[in-house]
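Both of the next two complexes hold chain A, though its partner changes from chain B to chain C.
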Partner chain A sequence: MTRILPKNKLDDCIAAWQKAGFSVLAPVQRHGMSSFGEVQKASEMALDLILTERTIKDHFFPQTEPLIKYKISKHDIDSETMTPPERKRIFFGVRPCDASGLEIDDPLFGWDYKDDYWFRRRENSVIVSIACSEADDFCMCTSVKLSPDSTRGADVMLRPLSGGNGWQVEAISERGTALCDTVSSLLQEETAQAAPLPRVDGKFDVEKVMEWLADKENFESRFWKDISMRCIGCGSCTFLCPTCHCFDIQDEGDTYQGIRRKNWDSCSFALFTMHTSGHNPRNAQSTRWRQRIMHKFNYYQGKFGVNSCSGCGRCTRQCPVDMGITETLQAITNLPR
Partner chain B sequence: MIYTPFPMRVVSKREEAPGVRTLKLEFVRQEDHEFFKANYRTGMFGLYGLFGEGESTFCVASPETRKDAIECTFRQSGRVTSMLSGVDAGDLVTFRGPYGNCFPIEQFYGKNLLFIAGGIALPPTRSVIWSCLDRREKFGRVTIVYGARTVADLVYKHELDDWKKRDDVNLVLTVDPGGETPDWTDHVGFVPTVLEQAAPSPDNTIAVLCGPPIMIKFTLISLQKLGFDQENVYTTLENRMKCGVGKCGRCNVGSVYICKEGPVFTAAEVSRMPEGDL
Partner chain C sequence: MGIQEQYRSEAAELLSSGEVKLVIGFGAGSTADRRRPLFARTPEESEKLVLDQNCIANLTTYLVAGGLLTDGKKVAVFLKPDGIRSLNILIAESQVKAEQVVIFGFAIENNEVTPLEGRSISDFAKLGEKLRTATPPPSVQEEAERLEAMGSSGRFEYWKEQFSKCIKCYACRQACPMCYCRRCIVDVNQPQWVSTSSHTLGNFEWNLVRAFHLAGRCAACGACDRACPVNIPLRLINYRMGKEVKEAFDYFAGESSDQNPVLASFRQDDPETFIL
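Here is the complex of A and B:
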């Protein structure tokens, strides 16, 4: 016997959660792009998508985030620190790769100086993951030691039933248990088989990759020039990545008032590291691509004990020149040694 | 909140060299000042800014032995530094920090000190120099080698005069060939060359080296020739920064975040970093 959430009870669930003070966000297809958005009814959810084009990162580390509002007068400056709204949110139908992405970024936003903007949202959010029933050629979770039903970063794990009319429910965290309690009357105890997981073939050998990257000799390898030749430095892969966290801080306004904002930035851009003097430590696209790979599969591992990749494959799926991390890591795996 | 700066009142502004100025800043709020006093150690840096313009990263040029105000020295070069150049006494600016690691000055006790600075890199060095000179009895011989492109480009000229007069400090001043004036009586030559001529002994000596990358590169070679162990040579690195606290992801050299693990490193640590990322 397992606990089941029948699909036809989803509207009741949403209503119960809203009554408990939560906003419910789920995959939606809006404005020509799939992403996570607030929903009122189950029919608004696009739960059949393999993966939304945009990640749930957008809702924890928004593309642009107001930090400080300021007003400048002749003798004084008024400034007010802006804080993200204290809003309890449920993210329903998160894919395991996206849920892992949040957990991967936690230590970065928390080491030493705590980024309140990130953690206030994290603490007020419940992640309800749904295991994948389909995968495409770009999915690579198994290559980074995750799986289509990984519970990493999830508070509740739902596994689709074979018939397709509901989900097995497993509470993973205390927060998840509390969430299940709010809808316990809607859950049923049943014997029902979960649908088989999709096959996600290994795309590269992450151990071999990490070993090659760790070898200092390879930092100056001409491999980096060859592999990044067609990168146009557009930054799409970083913006669509569930773990990329780099940002810029910019003031936006007129002479007398404005808002200081934290905006997404990308290691793909030349300006990212350009000194005022004109010196740029990463002055070629190849050095910037190297930084991206090194950061994800070497530096981050060294600092936080985890690779900064959850295998969603968006970087490759949506790359305008069909490049992405997968190809590079495959090539590294296959390099003669 | 993490990215919210302290308001600071400009106490004074001093012209150092063409395009180079020093601002002396006082904390507006007592609690901010207490925080600074409790946390600041020489070598740390801050983000100085103006609302509407942004923030720029430079060192705290005042020593840890003088925490009543913050001094910062910068060259007018970009948007923020241009606007900071235009402020006057009484104006408000912002400061975030102190961030980063520091010079382990207690470990220098009982040793001779050799300071080497080039151009606008005297301010970070000067912070260490005064942190030591204010506790002069704890150290052995103190040598300062300072060079700039031209006589006009030397910064902290009034303090150079002070150091010159002191008999417990050996000041070696130099300007690049062609940068001397008719009344210039000190050295003419590049810092590494002048350093090798001065030939300070590496015995029981700590070297602190700050300057533009090219100067650091050649001075490290000279220090090696003079017999200095890389573990006894300290330097500071800089990179573009936005957050200052290890999150915005741009200031790393290899795996090392300059903002958190630096900006102070030994030459040995720098030598282990990938050169292609510097």
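Here is the complex of A and C:
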């Protein structure tokens, strides 16, 4: 016997969660783009998508975030710290790769300084993952040692039933158990088979890749120039990545008033490392692409013991010139040693 | 011999004779129907060139990237008619020297690839006129008319929604052959002229700045539109700007390589109705 959430009880679940003070966010297709958005009804959810084009990262680390408001008058300087609204949220239908992405980023935002903006949102959110029932050519979770039903970063794991009429429910964390309790009357005890997981073939050998990256001799390898020749230097791979987290601080306003903001930034941009003097230590696209790969599969691992990639494949899927992590790591795997 | 094989062997000849230092074409991509830019420097590498109905990217972008042509050497590039149009604009704007580019021209019609005669930009003089008088793709025209019928407040709402998706990844700029500025205005940060924030104002600023900078310069290749990871229909903006310029100045960007760029030149009989 397993606990089951029948699909036709989803509307009741949403209502119950809303009554308990939660906003419910789910995959939606709006204005020609798929992302996580607030929903009132199950019919608004786009649960058949393999993956949304945007990640849930956007809701924890928004692309632009006001930090401080300031006002300078004749005798006083006023400043006000702006904090994100205290809002309890449920993310329903998160894919395991995106949920893992949040957990991968946690140590980064809590390392030398606890980023209140990130953790306040993390603490107020419950992640309800749904295991994948389909994968596409770009999915690569298994290559980074995750899986289509990985529970990393999830509070509740739902596994689609083979009949397609509901999900097996497994609470992963305390927060998940508490969430399941709020809808316990809607869940049923049944014997129902979960649908088989999609096959996600291994695309590269991450151990081999890490070993090659760790060899300092390879830092200046010709490989980096060859692999990144067609990179046009946009930031789409970094901004669609569930784990990329770089930002820039900008003051917007004039001498008398303004707002300090935290905005997404990307290591793909030449401006990212441009010094005030005009010198740029990463003055070619190949050095910037190398940085992205090194950061994800070497530096991050060294600092936090985990690779900064959850295998969603968006970097390749949406790349205007068909580049991405998969091809690069495949090429490294196949390099003669 | 099919066109792919013909161009492969011609590319190999150009490379082995040293006539060109590089051939920019298409290669196999990460899925069966994806093609990716391929850079062949040796005759062997030119064997990997692919040419079929999936080769839709505008490769002129690479001609103006990273100082590729500054050594004066020649480069060969695979171009569709919209790519040839872009090349005309780049030559007219003195960004590329005509004699440095060997063209492997091709057209895709009804999923069929046909070769275009000629290897130098001067061989394509008639193509410009053909493009000028061609009707734009019905999908773009219909959508543009639908927006036109909305009225200004409806259009404003439409673009507000579309621009709200913008993440300022600048894929549109990076994919565009006309965005060749060494330092884009949004990257000028002492002081910061255009806001880097992706709020409503910042997103409008960026997309409008780009639209204005492309007025009378866009080859309608659709590279920006295809590159946009959040599906903003940028083709509609450029279509509208192109129409505006055509009506005001009877000018079609990229018709020939010896055009005077419309917004960087003047005629004595230019209308002066905007002067109060």
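Simple rule for what comes next: the second predicted complex is superposed on the first by the 334 of 337 C-alpha atoms of A that agree within 3 Å, B and C clash if a C-alpha of one lies under 4 Å from a C-alpha of the other, contacts with A are read in each partner's own complex, and residues count from 1 in each chain.
Everything below uses one rule, namely that a contact is a pair of C-beta atoms (placed from the backbone, for glycine too) under 8 Å apart; a residue touches a chain by one contact, two chains touch by 3 or more.
Small disclaimer: the values here were computed from a predicted structure and weren't measured.
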Chain B and chain C placed together on chain A: clash or fit? fit
- Message: By the touch definition at the top of the document, which applies to A:Met229: first (chain B), second (chain C), both, or neither?
- Response: second
Chosen between chain B and chain C, the partner touching more chain A residues is B
May I ask you to decide whether A:Gln250 touches chain B, chain C, both, or neither, giving the answer as first, second, both or neither?
both
Minimum Cα separation between chain B and chain C after superposition, in Å, equals 5
Dual-contact residues of chain A (chain B, chain C) 248, 250
Within the complex, chain A is touched by chain B residues 1-4, 7, 51-56, 77-78, 81, 92, 213, 238-240, 242-243, 245-255, 260, 274, 276-278
Chain A residues touching chain C in their complex are 31-33, 53-54, 63-64, 137-138, 229-230, 232-236, 238-240, 248, 250, 252, 261, 263-264, 266, 269-271, 284-285, 316, 318, 320-324, 326-327
Residue positions on chain C within touch of chain A in the complex are 29-31, 34-39, 57, 61-62, 65-66, 161-162, 164-165, 167-171, 173-175, 187, 189, 192, 195-199, 202, 223, 226-227, 229-231, 233
Within the complex, chain B is touched by chain A residues 67-68, 70, 72, 76-77, 79, 81, 83, 108-109, 111-117, 216, 219-220, 245-251, 253, 255, 258, 260, 262, 265, 267, 272-277, 279, 281-282, 287, 291, 294-295, 298-299, 302-303
